[in-house]
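Same chain, two partners: chain A is paired with chain B first, then with chain C.
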Partner chain A sequence: MGNAYNTLVVYPEKCNGCGECEKACAKAKADSTDIVHSRIKVLKNLEDEYFGPVVCMQCGEPSCVKSCPAGALTKNPETGVVEWDEDKCVSCTICTLGCPYGGIYYNPLMSNVMKCDHCGGDPECVKVCEPKAIEYKTEANVYKDQGEREDLFAPGLAACLGCNMEILIRHTLRHVGPNTVLAAPPGCVPGIAVVGINGFTGTKVPSFHPLLTNTASMLAGVRRYYKHIGRDVQVLALAGDGGAADVGFQSLSGAAERGEEVLFVCIDNEGYMNTGMQRSGTTPYGSWTSTTPVGSSLPGKSGDQKYMPLIMLMHNCEYVATAVMAYMEDYHEKLEKAIQASKKGFAYLHVFSPCTTGWRYPQEKTMEVQRQAVATNTFPLWEYEREAEKFAFTHPVDNPTSMEDYIGMLGKFRHLSKEQIDHHRNTVATRINLLKAIAEEGIKPLKAAV
Partner chain B sequence: MPKRIVVDGNEAAAYGALLAKPDMCAVFPITPQSSVGEKVATFIANGDLKADLLDVEGEHSVLSMLQGGALAGARTFTATCGQGLAFMFEPYFRSPNLRLPIVMCIVCRDGITPQCVWGGQQDAMTVKEVGWIQMHCENNQEITDSIVMAYRIGEHSDVMLPVNVCFDGNFLSYAAEPVEIVDEEIADKFMGENNVNWHAALDPERPMAIDPLTGMTAPGGEAFARYREGQCKGMQNSLRVIPEIHKEWKELTGHDFAPLIEEYRLDDAEHAIMTIGSMTGAGKDAVDVARDKGKKVGLIKVKTFRPWPLKAMVSALSKIKALSVVDRSVNFGWNCGPLYQEVLATLPFLDKKIPLVSLIGGLAGTDLTIDHMAEAIKTAEDAAQGKVAEETIWLNKMY
Partner chain C sequence: MQTKYLIIGSSHAGLTAAEEIRVHDAGGSLTMLTMEDCLPYSPTILPYIVEGKVEEKLIYLRDEKYFQEKNINFLKGKKVVNIDAKASKVSLADGSEIAYEKLLVATGGNPTVPPVPGLKEANYLVLQTMEDARKINEVAKNAKHAVVMGTGLVGMHAAEALGKKGLQVELIRGRRRAVLPNYFDSDAGKLIHQVFLDNGINCDLDKHVKEVESANGKSKVVLDSGEALETDLLVVGTGVKPRIDFLGDSGIQADKGILVDNMMKTSVENVWAAGDVAQAADFYGKEKVLTGILPDASDQGKIAGLDMAGDKAVNLAFDEIGGQAALSYRGGVSMNTFNFYGNKSFSVGLSLANEEDGYEIDTMSLPTSCMYQKLVFDGDFLVGAVGINVTLDPGILVNIIRLKIDLKDKKAEFASNPLDMSRRIMWDSWRGAINTAG
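And now, the complex of A and B:
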């Protein structure tokens, strides 16, 4: 686990078809100017189907290796490269049929197959690609960084299919680690049996149900005592928006104001999804919920959502950030900062977490909904570091996509009138303008104003 | 040498905490409790008490932080009353179910509305079925000593329950009396090692899930019933433990308080009054006055109200022919005082039937005087002679 390799990553949209990579490869591998010897091929003239470089992807489970009857292809566990052994190869070419990507070729001039070997870790093709359509790098950073850490939830949590929260809590606890006391107030987190049911639990750290109202204060009490006796124990809240923004807000606000050393993750699915999709303080304007139904007299939720991240920023927390699981590396970077910050004061992560069941969208769209929320500036990604006095966007969106692209994905917004969509657009514009003003002015005058 | 000081009841409570040396003290103001928290905070600020001061944003968080601390292993202390207790109810309800031996004073205050910031036991009586042990104090010495003893009672392995040390707002909270503070070494010896979270802990070194969903299908519903049964057993066990701890405290300090109920001049009494809290002093004086006039009257003081000390009560009631019960709060469902109703439920356990009278007085900070207690004695005497008041008698009424 945890061993991610460098590979050749191709960006077909950047490729101009110049063919320099093929020439460089032929030169390096066969000392030839004939690109028939190149192990990378630029595909052209396929109309809309594909345009760009094709090269071996050094698959984790390579089909070429499986299909080779001579044992001539092997995956090198050290480098990740799929290696070809000329002495064993019988030139049957079955591997070229086995590869689904066209990454291994038959070279008619040499009468055998050939494939990319990364030039021993210094690929020539990358050096000559002017538009940078080929890069040699590791893509699987999350896997590399988190893979060796244990998933501290046993398999079998009872979340809905497509649930974003399950991904979030598994990644979070894996990163935070075993020296942790976990609080899961009423909601979807314990609803999927995180604390357990009837004496059984699959959570490998001490966990408990606080009340919906007292997550931050109970956790602060745990942390305080361990600090009192000189033990460093991480405390972590995995709370919903009700436990953070509604009835949980007083204890959250008090704990943040006192600078309690707590890592508080608000998993915002914009309503009480575990109890049947009722509205909360973070439910957006116009939303259908089971307590803001849509009918001839009512048009969905009448007020705007409470924007918790800025409210928490004004508590002078050590760290505040917004995040989505669709940008996983960004989430882990923020989580690491939050963990460190929570050793000195209050750290608050607000994670936008779509609910396939309550928001009414197909389960496979869970990540796409998040990307669209970011792309439309509905949920801007930013972070605030108190000590560094830094407020910054982590995924700035200068040219937001159409609000309809986001709203159109969600059943809870299906009934929205043009006026209601305009209201959304205005709310989003006001919010992003405010955030941009903070980012431009910097946090120092903001603190002075406090 | 023990130190003799003059302090009001709230300071006496803070001295109790000082002797017990809790690891965490949570403070939030509410009249007439506020100066308990102020005094404790001062002890901590001056380094007299090496506890963590939790200066939180409301009573709900007061008890929530103490629960978190206790689950990590801390000895904990706080105080509240009235609306503060009402606001705290959600975690309050849960403390005994988690079997956490938290010690909390209730500086008894009457309930709004009418808006009122003065003494009355409506707060403590309203939460009597929640599962905390309740001990009611007569004077400031009893407050200090009961707080120290409360830790040993709550933390006893056969008990494992939170304890309320209750005392009357205004009449004890602000009344100065001499109190003897025992030596630190004696208190330390008495307190011993803490015994807070051996049964339920939030500790990465011994991970467990606290309070998973429990109910419905087997073994959930059965487990739930077992927890409840165990909690009731713990309450009943405390009726054995409370006298043991009082005895141990008496042997170390010479301070002698009746652990469950106190019988005052009861052995040869024909009738009696029952009191709870600070009114007991006036009650005893009224009994003495009546005795001087040749009346065969006694008094039963309730120290431990929860759990209800049934056996001790049956033994005391067996000695008399009639009883008047003076309550400082109201049972709205029965048109009587809550203490009266408890005695009513005790009557079937007696060999004989004795008439009871309910009197309610001292609400909202009004005084219960020797004259009021004399009235209570008179109603008991009348009852013993067959003239039983049919309805609750309201003292300090506006006529």
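And now, the complex of A and C:
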């Protein structure tokens, strides 16, 4: 598997041309105030006031490396940084012919070429960039770390093109590891072959197919049995919103209330997508589904979505969090906490999981839909840790983007009237205010109430 | 011996081809041959080895561990003497044979020796292989005086390297009465020439070799003027031609080099050629050309490797320009750097073009500080550039030339501020490409 790497991302439209990045780079690299030594360059002094930083992109297939006759440039397979070896370099500068981005420059004061090396993983330019035109993205670490773990899911699967679940299942199983028993109640998770076809499971861990109604109680029993015989086995549910919030709720609520040592992941695609896109309790107001059709008398679902994560929080679980695959680092952090919490009590993760088929949006937009859901506060990311008495937003959105940005992406909302969109806006506002109040007030009074 | 992929040559073209094959085919048996006795290196490094700027052991492009990890059977000291394309096998100088399914010829070039009477018989050296560099260093140890024939890249590099070693160097031009005539016009050439003179290299462009005499290991170079230069070391650097003496009756078509199409395929099934040995599409004209530069060797090697591994994506990835496979070879753009006595220069594209041919030329020259800049425009398109001791990103200029970016109303601003403007155009076109792709 190819490695994923941290990257310096540049947003030229945010750059104000202040040049602080160049100063910081020259200082860090040559202990100098002369920006000739800077590996990052800001375009400026152009007639129409255009600014933008230019810096090595640490290419996947770097031309500079291929055109170096001295073997002085190499791409570090661990960090992805294209490294320059001063001892080998003969200063022929052929690398500068190869780079189409101007990422490697000749420095006349040093009589050498120079290029960005990410400051060994802590780039100075990023720290001083006030308008945030340069960012150091570290998400890739997640993929790298998980890439080293065993993929416990079959290479082939039967999901719709663009489905969010493959990435979710692979990442989750890699992280929880092989010492796991997996329950997948009816829904898309078993539908894409997790529990198997023709006597073979799609996972490399024992997995079973409980009823929609009894997932949490069966898992509680499995965990108790293994504990009884002295084995610490992780039990995990990958359930849809039907198997968690609707049909599965009774056993889920009971297990949570009893504090069973279970990790329960609800993959919320806001409806019964596997059986033909019927509405569920988490289907949002106004959505088209096959049971809430849109026509002359009905404008989609008439009632509101139930907000499952808060309901679970009120069960006094060890750990409750909301997550999306589009913020993978955040997901893995939460998953790790949930795994630890599930050794002591109930852990619940609510993952917002768009469905290209049922929600009617283009296959390649699955991640973008999630980002917009977060950016509009439609699906805020937060976590609750019982022991630490902590409730916190993990990706606070202070200036949410317009609700239309999210709604406009989805076919299931295409028919919404202005009033219906306002209704959405209000629901979202009420919810985020409630969550903010919880975050501000702290969790103690809440616990007392429980 | 039997192998799926056989690559003759272990330099830029061969190495990038192997790398690319391994991206698409991790397991297919791959054998790489070099006639030389060492790990892969670049001939471009040789002047620096002569100069002593870097040690031989540091500059190998790959080590044994790499070949093990990539599962490549790398064989040193194996010289191919014949290709039997019908039987899909090659014969080696040691008498053995290797059968292949797919063959890449990446054998580079051999120095040419001008038809100067007495030269062939003389004790001259060339600079094309590591062995050549070692020999020059061996002779140079006890030499006081050297004659370098040729004022192209190799000759100029060799003269500087030998001069820095303390030899008295006489640099004599080849056919053309100029220095680096393939890359620099006469104004730029004069600046470079002067720096060589200032650094003690004797280089009178009026001088021309008439014949060479040899006596007890030493050579005597006789000039047209009648002047005779007795020398300890005679280095010839007057050009290279593709190494194709092993084609036999394989049917592989060759002109100056092996003729290849845009995927580096030769006229014969299952045989590809890339690098200095290949005669391939020209970026400008219809005639196939030799390019003889390192970046092109790498580019061509990559394309050959991709095609040899049979990646279907290549044929699927058509782009709008001419319906040609996106990753196929579009013809090389001339480009080089030349760094001499602490000065930096580069030449890209149609750097020799002049106004008589209908091009618009923008030059800036400061001879006292050895600075020169030349931009060549064809209408609103940049087609060439030269810089001596100026701050520009040659790679960005190459890309602007390659992508044929229309500068439109930005041309004047480009000419007055090429550094920032070229960076900006690069940035815009790169982001534009991303945006249209998304």
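By our rule, the second predicted complex is superposed on the first by the 311 of 450 C-alpha atoms of A that agree within 3 Å, B and C clash if a C-alpha of one lies under 4 Å from a C-alpha of the other, contacts with A are read in each partner's own complex, and residues count from 1 in each chain.
By our rule, a contact is a pair of C-beta atoms (placed from the backbone, for glycine too) under 8 Å apart; a residue touches a chain by one contact, two chains touch by 3 or more.
Just so it is clear, the structure is predicted and the values come from calculations on it, not from any experiment.
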Between chain B and chain C, more extensive residue contact with chain A: B
Which of chain B and chain C A:351 touches, first, second, both or neither: neither
First (chain B), second (chain C), both or neither touched by A:228: first
Partner chain in contact with A:178 - chain B first, chain C second, else both or neither: first
Touched partner set for A:205, first chain B, second chain C, both or neither: first
Partner chain(s) touched by A:311 [first = chain B, second = chain C, both, neither]: neither
Which of chain B and chain C A:197 touches, first, second, both or neither: first
Touching partner for A:258 - first (chain B), second (chain C), both, neither: first
Set of chain A residues, in rising order, touched by both chain B and chain C: none
Interface residues, chain C side, partner chain A - complex: 12, 16, 41-45, 48, 53-54, 58-61, 294-295, 298, 302, 335-337, 339, 342, 344, 346, 348, 389, 391, 393-396, 398-399, 413, 417, 420-424, 426-427, 430-431
Chain B-touching residues of chain A, taken from the complex the two chains share: 178-181, 190, 193, 195-201, 203-211, 213-214, 217-229, 233, 250-251, 253-255, 257-258
Chain A to chain C touching residues, read off their complex: 12, 41, 43-47, 50, 52, 54, 63, 66-67, 69-71, 87-88, 90-94, 96-102, 104-106, 108, 111
Parts of chain B lying in touch with chain A, wherever the complex brings them together: 23-24, 52, 54-58, 60-61, 64-74, 90-91, 94, 201-204, 206-220, 223
